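Several structures are given next for inspection.
Okay, so chain A shows up in both of these, paired with chain B first and chain C after.
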Partner chain A sequence: MVKHSHRMSSSVTEPFLAVRDLTVTLSREGRPSRVIDGITFDMLPGEVVALVGESGSGKTSIGLTLQGLLPRDYQPLVGGSIRLAGIELVGAASRTWRSVRRRLVRAIPQDPMGALNPTMTIRHQMRESNGGSIEGWLSRTGLPDPGRIADALPHRLSGGQRQRVLIAMAMMARPKLLIADEPTTALDVTVQAQILDLLRALTREQQTAILFVTHDLNVAASLADRVLILYAGRIVEMGRMQDVARNAAHPYSIGLLAARYDLDSDRRRPLITLPFEHVPPVNLASACAYAQRCPIAQLDCTAIRPSLAAASAHGGAAACLHQGQTRFVSAQRVDAKPWPAPAIQATAALRLHNVSKTYPTGNRSFWGRQSQPVLRSVSLTIKLGECVALVGESGAGKSTLLRIAAGLVMPEGGTVTRFDKALPQVVFQDPVAALTPWLTIGEQIGERLRGVSRDSDYARRRVGEAMKLVGLDPVLMDTLPAEMSVGQCQRAVLARAVIVPPRLLLCDEPISAMDVSLAATTLNLLSDLRRRLDMAMLFVTHDLAAARIIADRIAVLKDGELVEVADPDAIVAAPQSAYTRSLIAAMPGPQGGGRR
Partner chain B sequence: MTGRSSRDTSPVRPRFNWRDFFRRAGWLESVGIVGLPVVTILAALAPWITPFDPLLRVAAAYLPPSTGHWFGTDEIGRDLFSRVILGIQYTWLSGLAIIAFTLIVGSLVGLISGLMGGKIDLVIGRIVDLFIVLPSTLIALAFVAAVGPGLVNTMIALAIFWWPWYARISRDEIRRLKARPHVEAARMAGVRGPRLLLRYLLPGVAPALLIGASLDVANVIMTLSLMSFLGLGLPAPAPELGAMTSRTLDSLTVHWWLPILPAAVIFLLCLLANLAGDGIRAALRGV
Partner chain C sequence: MLAYLAKSIVGAVVVLLMMSLIVFGLQSVIPADPARAIAGPNAPPETVEAVRKELGLDDPAIIQYGRFLSRLAHADLGTSVRTRRPVSDDIRQYLPATLELGLASIALGVALALVMAVLQFLIPGSGGIRLLMVGVGSTPIFLSALLLSYFFWFRFDWLPGAGRLGYRDFAGPTGLNVIDGILLGRPEVSVDALRHLLLPALALALPIGIAVGRSLNGALHEVMSEPYVRTARGKGLSETKVLLRHGLRNAATAPLSMLGLQVRLLFGNLLIVERVFGWPGLGLYTVQAFASADLPAVLGVAIVFGILYILVNTLIEIGQSMADPRINL
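Moving on to the complex of A and B:
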């Protein structure tokens, strides 16, 4: 790859960013750990490079290192070399960093609200960036009525608008390098598609290079020229986006690509997932970091650290000792047995009839608070054993409907009827936040047993059984949530929900914050549990692909009204409403691949 | 789906690590955190560790500080160092007592207010607001002046105006926690009443209260010293830091150690308490 870019440099452009053997060590709780482990790559002006990896792979740290913004609390140690436009940045003085951040490098953060000052108007904040007319830049990002937006405070804007403001702010400085760290993760699919179009247009126009950090290969594929696949702080594969998407050379990339699901995935059998969850590897200095999870690992994989070498399958490079065997990884795909048909009964587990709800808005008038309807007479029935997915964009009222179904919120009009008096169980969006930080996993899972028995031996046995059911080692019973990975927390949340199987399980965006392989694993687990325990399920999501895979029926919610309820395949094949059609059209996918 | 998630799980982090706690607090603040219990123990043992009897004449009057009498002697020849140590006992222990009492009362009121919500929350909230907007020091002075000076009266006067702050902190923390997914999940799991409060809410409220209380120690000591400086503390012979400063203030130019040294001790106590408060805040919030 290195040679390759030098060849290109002779024609038009120098690699203006050259990263050589970059290592970053952060100390957490006084314990050093190497988050970036010998990374080498180049970027050319106007090039979009995707940095793809699971959470914890070090992809965000690379972005922060390039801005000199690694958190000081973690006592960062940076080794190797970063040359940006001829300036060496490793070990540079803070003055150099400041001028680099001012003139050369800008970033678009993941959380657009946190990056804006809530007390200053947009115009005021954009004035801090030098150059150009504020309205001009805002309108170039496709924002309608830029004058009004410029004079607004951030909380008056929607998530998509804020993200565009930040992009305008970053582009205004005409940076050479734009670091976009999951800039669309928090956004709806339709807004996401617009933001990606905008970034694409801006690179063409201004020759800005973009380092696009993401865990979503579908999003990466629709934007990037090249891709770097990162595992445990090392590049395991790099190459042209299309090459890697079609003929990946590293077992990890193959697994990551296979774990993608879209509107064409097979919904009759479990999704393909990466083998096991990420475990912090041991003895990394002389081993392949992926060896413990790799399906084709051999003895030498734990003895020799593979270096990036020319890939056999494409023009890029891969770090694998056994590239010749990687085709066997893909051969394993079709071993999963199809799901048994769910036992759906005629009786309703949950019946919502003409449910409506309004929320007060911020505007206070003399006569009291104004309010805005979030749900307008929604009627939905979920039968015993059935899974219904509720799809819609943020603000559509999905979460409110789920909270009404759970009994956490009272509806203002209409009736809610459940099959029995027992409380339904809820799986919240963020599994870490759904666990009390100071109580052990076992204590929390066992909480619902108190209605059954107070005997502690019995409780421990039942908790152990529930943990096994969700694929969690019962040894973890006495650990605190902070000591577990996100995937393990998600399993613990599920174990708590099913230790006494409820008739109805309510899932509020359970996979939206997860990377692809963990999302697929969670979808499989939920599909399995609801069939095994005969649970009805309401699955709230903004991801139509996930809804199609898990649900027996899909309900589409827009502005508090159900616009369509139908069979998943029917909805994708022949959407009845214009809104559903727009959702399907906005789904990111590998261009030319994906849709058949 | 593969059940093997974590036989080889990540090394378990120790639950609580003092070294880490002090590292996050900062070294100067750590001195304050260590100093807090040390001063408390010294204050409790004060009558036994004073080198001389603080109430009796032990040497000539107006001796400047020397190796025999570290802080010198006062107008009747009492050892100033011994008197200051006893003064620390009065000020420090009554300060802690006020904090402890108001912390318990205030946080209980706040917990009830935050848990109940609705009308009760509104009424309690207004009462708390009322106490907070009153000019507390002034009214406390008036109260003590009316009821008569004395340690107990001073403490009551201060306590009346101190509890609303803790009520406000604990009420806000409860409201914040109640909306968190893990508390909602606990409620969906059927946890109710005292169990919800004690296991799921209180441990989350405690750090904020602890931070507030530790930062308040210095405030209370200042106010107590101010009141005794104005003659509203213990009656004359008792050694009290504020009173000692005020009584000897007119001899500042002649016998400087008499007002300066007790005042310096007040300053040091407040500095120590503030450092400890800052350190505890940094360590618990991870700032």
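Moving on to the complex of A and C:
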């Protein structure tokens, strides 16, 4: 692979991608905001560069800018320079862009479910990419029976199969640059590992450079040669992957690294998180964008904008005025107080007995649809005050089980017994979608108070208390969901669920769409709430590490059957079923960096 | 597919039965007395009574309905009060003209919708097209038909403004003059038929084009920001290709539904437009039937329109499943 010294010596010849002082301004509803703010970096052929940052840091916008595909509705303004294979792309004609997209730059999208045209067969969609035999490329991505896949419509394929199709579609054009925007986030862990392997092999073969956009440092570390850490549209640190993972120089990188959790994290105390999240402040022309969250910020941080300078800790660069002090960031990480033990009672909050459910699938025949079992005789008990995590891959029946527990879906067989007559509260995956856009946060939280006028002092006080409980400033009571960040929306959803504390809280993948630090914050919040309000909890996730951290017991679901129910540490240390073992083996480890 | 067709035929029969019930009920509720109408306004009560007996109008309702159904099954829709001919003969005579006009206006409307939606999409900030659409859309059909007739016929005399055809005694196998002209090797007849067709078809096509066009435009805007359109653009396809190959087909479902709704309104509009342009079709026939309280004729036309409506909607559902193969009929 490319060595550091080689990069220095090759600076005479132009790297095939040179981004200089790139700025992008998007206008939403007439308000311009600078999403990318003066970014400079190079890429060499065959190099894998990870672009890491929280949601809203502008990492997806960089990928779209490099393809010239920023959404037209936002009236994008691009400044600076992008030179790709000697072609200047900023201000280029759309004809130039099209030829660049045809030959040089391809992308693999985040969500393979939506990225294929639902009304066209795979073959017709792949034919639009020039180059090679379609079946040949499909089989190179490890898809069995490529002929059948080529003639299928996208909705007949699984998420992993679609992502392979998209990879084949991108690679068959033999691009020089592949932009992979969180290509594995929507996939199960076992599939994720295979897709990463595939990307590694294909790019090595064709000397394609990858810009790997991700919020997950563990995934980045397993693939990338170099890393760019992005915060609020600026690069705050760049360097070789291993260097940054071991000796990060910027306080933000240190925070991101520390917020990672895996199967070895300490589950008896709160996870380490980044300081309180804000809506990322952009447009700070003369300040460090991270200053408001930085634990070592000083007065000058809000007066001077730091530029990228050689990092003291490694061979890369960092944008921090006080690089010398970053070691104190680590020192400040005093271990938090351990969680108090949850008060688990013997009575069951929820008892599922031999629950089964089928869904219609496949072609409709004259006699109706065939039905496919999603749950076969599942029995699970959650005691009062206990948290049980339900782990499994997509299609295992997790969400159906949760909906049955919530009373939203009726089981076809078996019984559901709840301790409480009131239905349990549910927290869904997408907090923004779970809030009504035209009602204020306060109105939505207060809706659960029955028989109280929503404007009464009593209602406002109760709403304020609920918001404080979840760490939301009650001042936000009168804001609309669109004005808040994803993290704040998630807190609002939780406040709505706990304003009248339920005996049972059901969480359906509440962290799967979140970046690491937000996920850690949410896990801490849920752990805290369930102890304080004495709630039982069913936590559905595909992330074994998160399940281990939050739950008192883990239930592993595969193809509608529970294969294992046990104590979290026991499950990780000595998995009883082959399936659990494969889940653990597929967890992306920080191979590139040392475990802290 | 076969199962779907079987189901829609059963559905059509059920709908027809319900319609027949409504039609039959109307006959007995509406104050117009067919016996009096046949006997004439000055006939003595005994004559009216005799006619009533002859028509079987004093039998119990259920027997009358049974008789009504069996006549319906034999395509016997009764005798028109006005023309004194079987209603089914009248319909057979006037239906081709209406079919020709209706099909032409649907085709023209869909073409208008496509052009407007695609133009509006490819030319950003095309406020002019939008304004035009709102303007045309807010003009009631009796006014737009009159305006078209006034300017293009009366004022400038570019197009004929009345009737179906300048050639007398022309008759072809299908009854659709444009097609018959070609079939019989007389292209000049087809051209003349097209010229006659243009104004009334345009008047009928405008509301269809506006409604379907707006629906298509909205659907296109949604579809064109879908991730798979980004994938298509990412392959370096031109914007027109992206729109035609990936956009239109995925956006087709909603505008097709809208077309189905518009076809129902078309039946009502046919009455006005055929009247304005003197188009000798079912619409004009119905207007005249209204004027002379010709209940059998009105009800006969209603049943024909009902069948046509079911047919159109079945075709539209088949079209939707062809556009989106995930819709499994």
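The working rule: the second predicted complex is superposed on the first by the 566 of 596 C-alpha atoms of A that agree within 3 Å, B and C clash if a C-alpha of one lies under 4 Å from a C-alpha of the other, contacts with A are read in each partner's own complex, and residues count from 1 in each chain.
Convention: a residue touches a chain if its C-beta (ideal position, glycine included) is under 8 Å from a C-beta of that chain, and two chains touch if they have at least 3 such contacts.
The structure displayed is predicted, hence computed values, not measured ones.
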| item | value |
| --- | --- |
| Clash or fit, chain B versus chain C on superposed chain A | clash |
| Touching partner for A:161 - first (chain B), second (chain C), both, neither | neither |
| Chain B versus chain C as contact partner of A:61, first or second or both or neither | neither |
| Chain B versus chain C as contact partner of A:326, first or second or both or neither | neither |
| Chain B versus chain C as contact partner of A:242, first or second or both or neither | neither |
| Most chain A residues touched (candidates chain B, chain C) | B |
| Touched partner set for A:69, first chain B, second chain C, both or neither | second |
| Touched partner set for A:273, first chain B, second chain C, both or neither | first |
| Steric overlap of chain C with chain B in the superposed model, located at which of 95-103, 131-139, 185-193 or 239-247 | 131-139 |
| Residue ranges of chain A in contact with chain B within the complex | 29-30, 270, 273, 275-277, 279-280, 406, 408, 423-426, 428-430, 433-439, 444, 447-448, 450-451, 468, 471-473, 475-476, 479-480, 482-485, 487-488, 491, 493, 496, 521, 524-525, 528 |
| In the complex, chain B residues that touch chain A | 1-10, 12-13, 15, 17, 19-20, 23, 180-191, 199-200, 203-204 |
| Contacting residues of chain A [partner chain C, same complex] | 67, 69, 71-73, 94, 97-103, 106-107, 109, 111, 114-120, 125, 128-129, 153, 155, 166, 169, 173, 363-366 |
| Touch list for chain C against partner chain A, complex | 2-3, 124, 225-228, 230-239, 245-246, 249-250, 323-326, 328 |
